[in-house]
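Two complexes come next, and they have one chain in common, chain A, joined by chain B in the first and chain C in the second.
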Partner chain A sequence: MNITINNVDNKTLVTLDGRLDTSNADQFQQDIAPLMEGDKPNIDIDCTGMTYTSSQGLRLFLSLQKSVMSRGGKMVMRNMNPQVKEVFDITGFSNIITIL
Partner chain B sequence: MKLDMHGEMILDQYRDNLPVYNKIKDLVLDTLRKCLADNSIMIAGLEGRVKTEKSLTGKLELKGYKYRTIDDITDIVGVRIITFFSDEVDIISALAEKLFDIDWENSVDKRKMLEIDRFGYMSLHYICRLPKSICDDPTAPQMNSIRFELQMRSALQHVWANMQHDTGYKSDVEIPIHYQRSLNRLAGILELADEQFSRIRKEINDYRRNVQSLVASGNFDDVPLNGDTFRSYSQLQPFKHLVDKIATINQAEVYDDSIMPYYHVLLHMGMKTIGDIERLRIKYSDNAYQLALIQLAGTGLDIVAYSVALQNLCIVHILKQGFGEAGLVRMFESLYGPSDYNSTRASRIYQQAQKINIL
Partner chain C sequence: MKKRFNPIKDKSSEIIEFLMTSPDMPDDEALRFKLRLSIEEAVENVVRYAYDGGIGWLEAGTSLDHDSLVLTIELRDAGIPFNPLEKDDPDITLGAEEREIGGLGIFLCKKMMDSINYRYENGNNVLTMSKKIR
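Coming up: the complex of A and B.
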């Protein structure tokens, strides 16, 4: 899983590329640590290149979402491919995380 | 007009005391803010001021003869609490009585001063001192001896007071009688509105309590479906059994999310009472589980949201009613907004439902 983070005009643009599973979840958690700081974050995650997420990934997205909400910010995920979106759908996570 | 010697003496005392006045004002505001927060009381406004030298000079010009020293003037420091509802003024005053030493002799409840056929300024004014429990500084005994005025009024009383003040007249005696009559009519309307707001709020609170007890008693057919009743119902965790069963598919943990987004979906599905949702739950729980089974088995996904239970129940209901993929698309649009993906998802679920014979 490759992740790039860019701050543009008060918005944090995150790009995900590849699989997110048990083998790289720890690294991903470290990679997103900068997103867990700051007031009123506005995080936009582009999932075009993400090919899969395991439940470890769901937990990390949930944890990030909770952190963002507690700081009065917002987070959206967009451009998920249908296979990744299905993981969010069948677990009910589409009801928790804003997916555009 | 120039002040006489007595007035100048009082003005000098004012200048000497100015730092203490500011300290008292800040301490009173801080004390009230903390007390309101501790008691979870929401208010419309809290403001404080120290009377300006110009304003005091004007007062001394008019009636300086009434005061022996500056300490006889009780509104040099003024703090005002504005409540949302008129009946909250009594709650605030009770708190103020606990916090401050009240000079009852000089305090005024203007709400009780009006004749039964008069309308006008309605506000509660307490003249107070800071007790030693709040401020005990032997080097500044004035902090406990100088009095301040605490005004408590509702937002509408505040509106009326400001509007009347804007007319530029200090007392109703000076106002031409037809304007006075107009102002009094307005005061009557605002007083009525204040009462109505309090009454409506009480009725809404009573209604919510009734709904909660009806839901808790299990008389679901007597409970109409609305935002309040659905919230109370959701607190009973009605889909816990189903989601726990779904969680066993992958020995998953359940994340306890809100089912409130499904309120509008249930309305669109024609649910009229909480009893209708209960029937949905009882009738289709097995099918909802079967749907989860075909979706989750073998995926290794070991976390599910609590709302997935209601999500699957709604899907089964829509398919059983014969609304097909189009019905599912409408449900997803209601939840997530329009998107091409909604059709893809509806089509996939429809095929899964065919496989497990729940159409």
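Coming up: the complex of A and C.
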């Protein structure tokens, strides 16, 4: 899983590329650490390149969402492929995280 | 085909790839996604929790009924007796604040596969997951 993080104006643009699974979830957790800091974050995650996520990935997206909410910020995930979206739907994460 | 992995500590990826490259596996990408997810969650459960410190074995196998086209994945270990199907499903209607982090793995297996069964047999945990692949 490759991740790029760019701060543009007051927005944090994140691009995800690859598979998020048990082999790289720990690395991903370190990679998203910068997103867990700062007041009123405005995070926009482009999931076009994310081909897979397991519960390990969901766990991290939930942590991130909780962190963002506790800091009075907002977060959206966009362009999810249908299979990844189904995982978010089945687990009720689509109701917790804004998916565009 | 089946294979016994021993020890299994840090071997999740190897076990998952062994199952995903089985000749019994379908080519359809959407199906493979569901199978990979179920396999990963089930294998990870054994690797993380079945044995103290991950020292132990896991036998992983696939079989395909060529008449019904039902694929079955079987995982067998000699770890702590544990029926993952007894665990309550997570409440998926809760908001972010109330949602607990974790508890989603076996729930995803149940949703992605057609059937999932557990038995304790000769000192082994045996988990079987089946899905029609056509």
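For this structure, a couple of remarks:
Please note the rule applied: the second predicted complex is superposed on the first by the 100 of 100 C-alpha atoms of A that agree within 3 Å, B and C clash if a C-alpha of one lies under 4 Å from a C-alpha of the other, contacts with A are read in each partner's own complex, and residues count from 1 in each chain.
The criterion applied here is as follows: a contact is a pair of C-beta atoms (placed from the backbone, for glycine too) under 8 Å apart; a residue touches a chain by one contact, two chains touch by 3 or more.
Predicted model only: the values in this text are computed from it and were never measured.
Overlaying the two complexes via chain A brings chain B and chain C into a clash. Look at A:G72: by the touch rule set out above, it reaches neither chain B nor chain C. In the superposed pair of complexes, A:S23 makes contact with chain C only, with no contact to chain B. Of the two partner chains, chain B is the only one touched by A:K85; chain C is not.
By the touch criterion defined above, A:N95 lies against chain B and chain C together after alignment on the C-alpha atoms of chain A. When the two structures are aligned on the shared chain, A:Y52 is found in touch with chain C, with no touch to chain B. Of the two partner chains placed by superposition, only chain C is touched by A:S63; chain B is not. The clashing stretch of chain B relative to chain C, chosen from 261-269, 297-305 or 351-359, is 297-305 in the chain A superposition.
Contacts of chain A with chain B, set against its contacts with chain C after fitting on chain A, overlap at residues 54-55, 58-59, 62, 87, 90-92, 95-96. Partner chain A is touched in their complex by these residues of chain B: 252, 255, 257, 261, 292, 295-296, 299-308, 311, 335-336, 341, 344-345, 348. On chain C, the positions that touch chain A within their shared complex are 12-13, 16, 30, 33-34, 36-37, 40-41, 44, 90, 92-97, 99, 101-102, 104-105, 107-108, 111. The part of chain A that touches chain B in the complex is made up of residues 54-55, 58-59, 62, 82, 85-87, 89-96, 99.
Only residues 21-23, 52, 54-56, 58-59, 62-63, 65-66, 69, 83, 87, 90-92, 95-97 of chain A touch chain C when the two sit together in their complex.
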